[in-house]
Amino acid sequence: MSSTFGVLFKISTWGESHGAGIGVVIDGCPPRIPLSPGEIDAELRRRRPGQSDLTTPRKENDKVEILSGVSDNGETLGTPIALLVRNTDARSSAYDEMQHTYRPSHADYTYDAKYGIRAWAGGGRASARETIGRVAAGAVAKAVMHVLCPQLDVLAWVEQVGDVRCEVESDKVRREEVESNEVRTADATSALKMRELITTARSKGDSLGGIIRCVVRNAPAGLGDPVFDKLEATLAHAMLSIPACKGFEVGSGFGSARLMGSEHNDAFYMEGARVRTRTNHSGGIQGGISNGEDILMRLAFKPTATIMMEQETVTDAHEMATLRGKGRHDPCVLPRAVPIVEAMAWLVVVDHVLRQQACKTL
Amino acid sequence: MSSTFGVLFKISTWGESHGAGIGVVIDGCPPRIPLSPGEIDAELRRRRPGQSDLTTPRKENDKVEILSGVSDNGETLGTPIALLVRNTDARSSAYDEMQHTYRPSHADYTYDAKYGIRAWAGGGRASARETIGRVAAGAVAKAVMHVLCPQLDVLAWVEQVGDVRCEVESDKVRREEVESNEVRTADATSALKMRELITTARSKGDSLGGIIRCVVRNAPAGLGDPVFDKLEATLAHAMLSIPACKGFEVGSGFGSARLMGSEHNDAFYMEGARVRTRTNHSGGIQGGISNGEDILMRLAFKPTATIMMEQETVTDAHEMATLRGKGRHDPCVLPRAVPIVEAMAWLVVVDHVLRQQACKTL
Amino acid sequence: MSSTFGVLFKISTWGESHGAGIGVVIDGCPPRIPLSPGEIDAELRRRRPGQSDLTTPRKENDKVEILSGVSDNGETLGTPIALLVRNTDARSSAYDEMQHTYRPSHADYTYDAKYGIRAWAGGGRASARETIGRVAAGAVAKAVMHVLCPQLDVLAWVEQVGDVRCEVESDKVRREEVESNEVRTADATSALKMRELITTARSKGDSLGGIIRCVVRNAPAGLGDPVFDKLEATLAHAMLSIPACKGFEVGSGFGSARLMGSEHNDAFYMEGARVRTRTNHSGGIQGGISNGEDILMRLAFKPTATIMMEQETVTDAHEMATLRGKGRHDPCVLPRAVPIVEAMAWLVVVDHVLRQQACKTL
Amino acid sequence: MSSTFGVLFKISTWGESHGAGIGVVIDGCPPRIPLSPGEIDAELRRRRPGQSDLTTPRKENDKVEILSGVSDNGETLGTPIALLVRNTDARSSAYDEMQHTYRPSHADYTYDAKYGIRAWAGGGRASARETIGRVAAGAVAKAVMHVLCPQLDVLAWVEQVGDVRCEVESDKVRREEVESNEVRTADATSALKMRELITTARSKGDSLGGIIRCVVRNAPAGLGDPVFDKLEATLAHAMLSIPACKGFEVGSGFGSARLMGSEHNDAFYMEGARVRTRTNHSGGIQGGISNGEDILMRLAFKPTATIMMEQETVTDAHEMATLRGKGRHDPCVLPRAVPIVEAMAWLVVVDHVLRQQACKTL
């Protein structure tokens, strides 16, 4: 269990890499939200392999089919929305070796330990194809928010690949810049350097990790449910559930460890009728509840586990073995992880908006 | 909503700082687990203010009352366990100013934004006293695990305060060392330096943040529910729900961003009949499921928001104001956060152990 | 697990008959709802034993303590509301025999079968004292509804005891009539007959069952979540969770089996601007959603299991035995079940109102 | 929200009558359970229209596609199982009138009241086609139980149609008898009478209701979670969520109202090493927990709402109108409701078995 996420805007994803398809059911989407397959496909294209020469050349021409929950004229019905993306281009043969040999730092061994069985081809449920369901559901969440909270926006970008870091102020970053380069970083110079790093890693059969930054802009004050479903806690849950994510920070994050309270506290002031803070070390969240400032997150991603180099490992018969990655893989997952991060942020935010609506007494 | 945590070992905490008390109800505790108030009080003592001269001199002589769910001879009944700790030593007068003036980087403004009302005295629900319920429930979780999974242990310690860092290998740290110094760090030298830093900060009316490391030892392979309730995702949720926590890492964490796949991957090998990994960048979790290695986490905590210095702020009437912290506060929360971190780890682990039991087919 | 009920207005009850007390935590109560202990005590008095000579003479002078979630001036804070009622007048000795001998048609054997342990004194968790938490939480739900949906009302009464039946039209019944007689039936004549029946049964050491009718008036159209949380499905869940409840009907109920569609269908018509139905066989619910008509339910209750007559049974050592009920018990639970039924109805309705608020898009 | 059911064996159904299809996602199915599409199709055939001349002649040649969660060699993977049945034979034109005119005792008006929008063709989400997801998931639950609890069985049959009642002792009924007649009642004589009644009703354009009996045999003692998720409470929830179900009884049900405690109590005795009861008024459940006896339920179903007779109603513009049913409908839903009732029982039972496994301490 646990392919289910969300309290009120509840999604259940399903699907293995080499099964019939990947999908998601959304239970709890409000009615009368305009929604078209095109909006979902647009997000899926951003996640798709083969979108640039930096990603795996696998061709996954994913197009969503809306199976339920949307009326003929394109409005949500309030009933569950089922979305299906069929699997194609599955070359199981590339994975034959994986049937009995555990890939290092993959989920092969642990799935066997947990379930006593696994769909080995393409990584099965642990494949990155699983994230299709998230991205599709995130597109629906975004459509809901455009109605309920139209000013709110979510933007993510690659801040770091290996040791190349893109230094920008988060409130200056624009979506057009991010989408204009294949790395999805925030400036052209960094994009070039990151691209070179990724190309080099791939030529060596090696891989790279990095950091993604995500900002939620114009969130209303009041989102987040203390004490266990603090906004940052549910965001952390969402982000750490993304494959390869190893760390999460909100606001000052790990940097807060070195600051004094006098440096870290965010002084309040009035900007017209609006309560603002002079600084934003809180990352837009105080006591688990949004304060109206930008919600700032940083996420660490490990380097892709599949590398084209020989590695020591064991088989499911518990014999020593070596394994060299095959198949078509991204040397760096970050460019394609950007829409996944955004999708998870949309899913968390829409759920908290509905939860906040629920307890309104005015 | 959301003072509820856990799927099968489900806890609901309640209580405001200056209300009648603080408590927790545990629904889903297995039956016939030996449990005494003494075990719970022992953990509460580690959380308690006034335990050393580094913490607030507030005296909270918290003792738990077990109201239900435990038989006369000290075994759990399988029915809900209600735990109550009465509030005492509440000096609301120290907080008078807080009634209308928002403390910077506290939850005063956001609670008002969310609820339109708040229990201002002592921070109300956002007070650190709320964590009593967590620590008490964590002690129960620990008692359950001693029966279901006796070899498993959870250990946390202060790794960093301000810029003083305790460099130890996590598998060398022993509980006795940690508990032998009032900072709860892993070696005596660091303890002295951290102590000095905290004392200095307090004398200036300022505060400090830091980093806590937590390790779960001897967890069986197979814990964690992909895809959304990955073990690291639920741990991150748990940890980021702790007041003042700003960041979470599992295994290599943010450091993974700078490693190549060939450096980061954890090669498998056989140690007798057991599958092991040569390194542990994965932090004991692969694909969201434990692999039997130590589960390694790091958590960032911001400096205490209450400082004895004048700060700019606004009132609930939206007028500019200044505020200087009063009352009795910890200049650094980390020593007392250690048992809270451990409690949250126990709660996550016991829930996953029960979930794993549920789906056994053999 | 499962002492938790509700999706958004979530209650967790706890407590054994002869433990320290009985209580409930409500997580998800909206803020700024006026709430006083008096409102809760008023409902508890209706549930209390000893309120008339028809009920057990046990004296349970239950008064609630609000431990959290309510401000000093009596408004809910939006945070969890913890309610505590201390146990008193516990005469465990009256139950000594129960320690090893299973009472027929009680939960002694099944608790042992499930948990391998049980709090035998007074029935432990399976005691009717458990319903104190429900009634207290129901009083809070009622207070919330008075703000969110002030026209809505819930009324229950005893329709039948043994074979004495009170024939009234449900829309004619008034609360004053019901509360004016100790049986809580809807007219004085039936009250007398039922009283006689109960008195006779008690004098024989025997017991009686019966039927309670419950109506929710002035519910807005639109409550209820198809398909699994249909309004009648959650009501049935709530009612069948009450001790001794054996059956549930909505609208035409079992009587619908003998009607033709042409007799059963509720024709629509306009009453001014409001859509109404000519008849109400649907019981105010169509497709799981309220249609604005009265929501009509009937609930069957079995006769009290404890009787003062010798019965065949077995011990926990699996030896044959006989048992004669002792202690002080109601010969008929129905008069005291009325406020419990109402409480469960309030809890279901408030949850659906909050759920409906959550998905509003206008 | 609420197309989701179950705590550990969690199903999410989706689909409108005239949309692309109907389906279900099962999250929490244990791994390594043998499962084939054939087992699911076999149950779907029992639910299917057109299986006899007593049901609607609509042809729904439903075949399931297993989209995920099952390995190539037919074992569950422990990951979500997605099942899809495509819609075919959809004649929307038969429903044109329904677009603006509310069918009496259908869900047209209430869906509009709740969502402000509805998929009118064929009843949309409120169509009986929705139950395909339940039956398919129930078949999976049954497959799980065959591994975890192979002796347990669920059997339902039609006890009453209109005023024709099949009087049999529930422990005598065999599946072969039930499946051998098109009404799915328990003896041939009743079958003939019921058949005649249904045929007559259809010839008049009218419809019939009735009663289904369901028994769970050989359930182990110990299933069911007090206090809110009592076994009978979750069964009632499940059954009342079935379209047209108006009442639920467990054991003595409404009949218990007329019994004295001395008549109703089930005396315990030993049958070898097994604790048994002499009678079974409890219906196999005491204190919300199974006691090992047969679990006995009775369910009332109202007559089909669609009748071929002119009825008074209103339009969505709130104007008076008349409506005569069109399309192809069952004059009595009971024969096809039998497999739905069984499916819901399997779903409840498997969930409680997994919940019971979760809290085992031995």
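Descriptive notes on the structure:
Which chain is which? They are A, B, C and D, in the order written, and residues in each are numbered from 1.
Heads up, the rule we're going with is that contacts are C-beta pairs under 8 Å (C-beta built on N, C-alpha and C of every residue); 3 or more make two chains touch, one makes a residue touch a chain.
Everything numeric here is computed off the predicted structure, so don't read it as measured data.
Separation of chain A from chain C in touch steps, taking the shortest path, is 1. In this structure, the chain pairs B-C and A-B differ in their number of contacting C-beta pairs, and the larger number is found at A-B.
Of all chains, the one whose Cα centroid sits at the greatest distance from that of chain A is C.
Averaged C-alpha coordinates put the centre of chain B at 39 Å from the centre of chain C. Note on chain placement: the centre of chain A and the centre of chain B lie 26 Å apart, centres being C-alpha means. In chain C, the residues touching two or more other chains are 1-4, 8, 13, 28, 31-32, 78-79, 114, 116, 125, 226, 355, 359, 361.
Chain A contributes residues 8, 28-33, 78-79, 147-148, 226, 354-355, 357-361 to its touches with chain C in the complex. Taken in their complex, chain A has these residues touching chain D: 1-4, 8, 10, 12-16, 19-23, 25, 27-28, 31-32, 65-69, 71, 75-82, 84, 114-119, 124-125. Across the complex, chain A meets chain B through its residues 1-5, 7, 13, 102, 104-107, 109-111, 113-114, 116, 125-126, 130, 160-163, 201, 206-211, 221-230, 232-241, 243, 246-270, 273, 275, 277-278, 281-283, 285-292, 298, 300-307, 309, 311-314, 318-320, 355-356, 359, 361-362.
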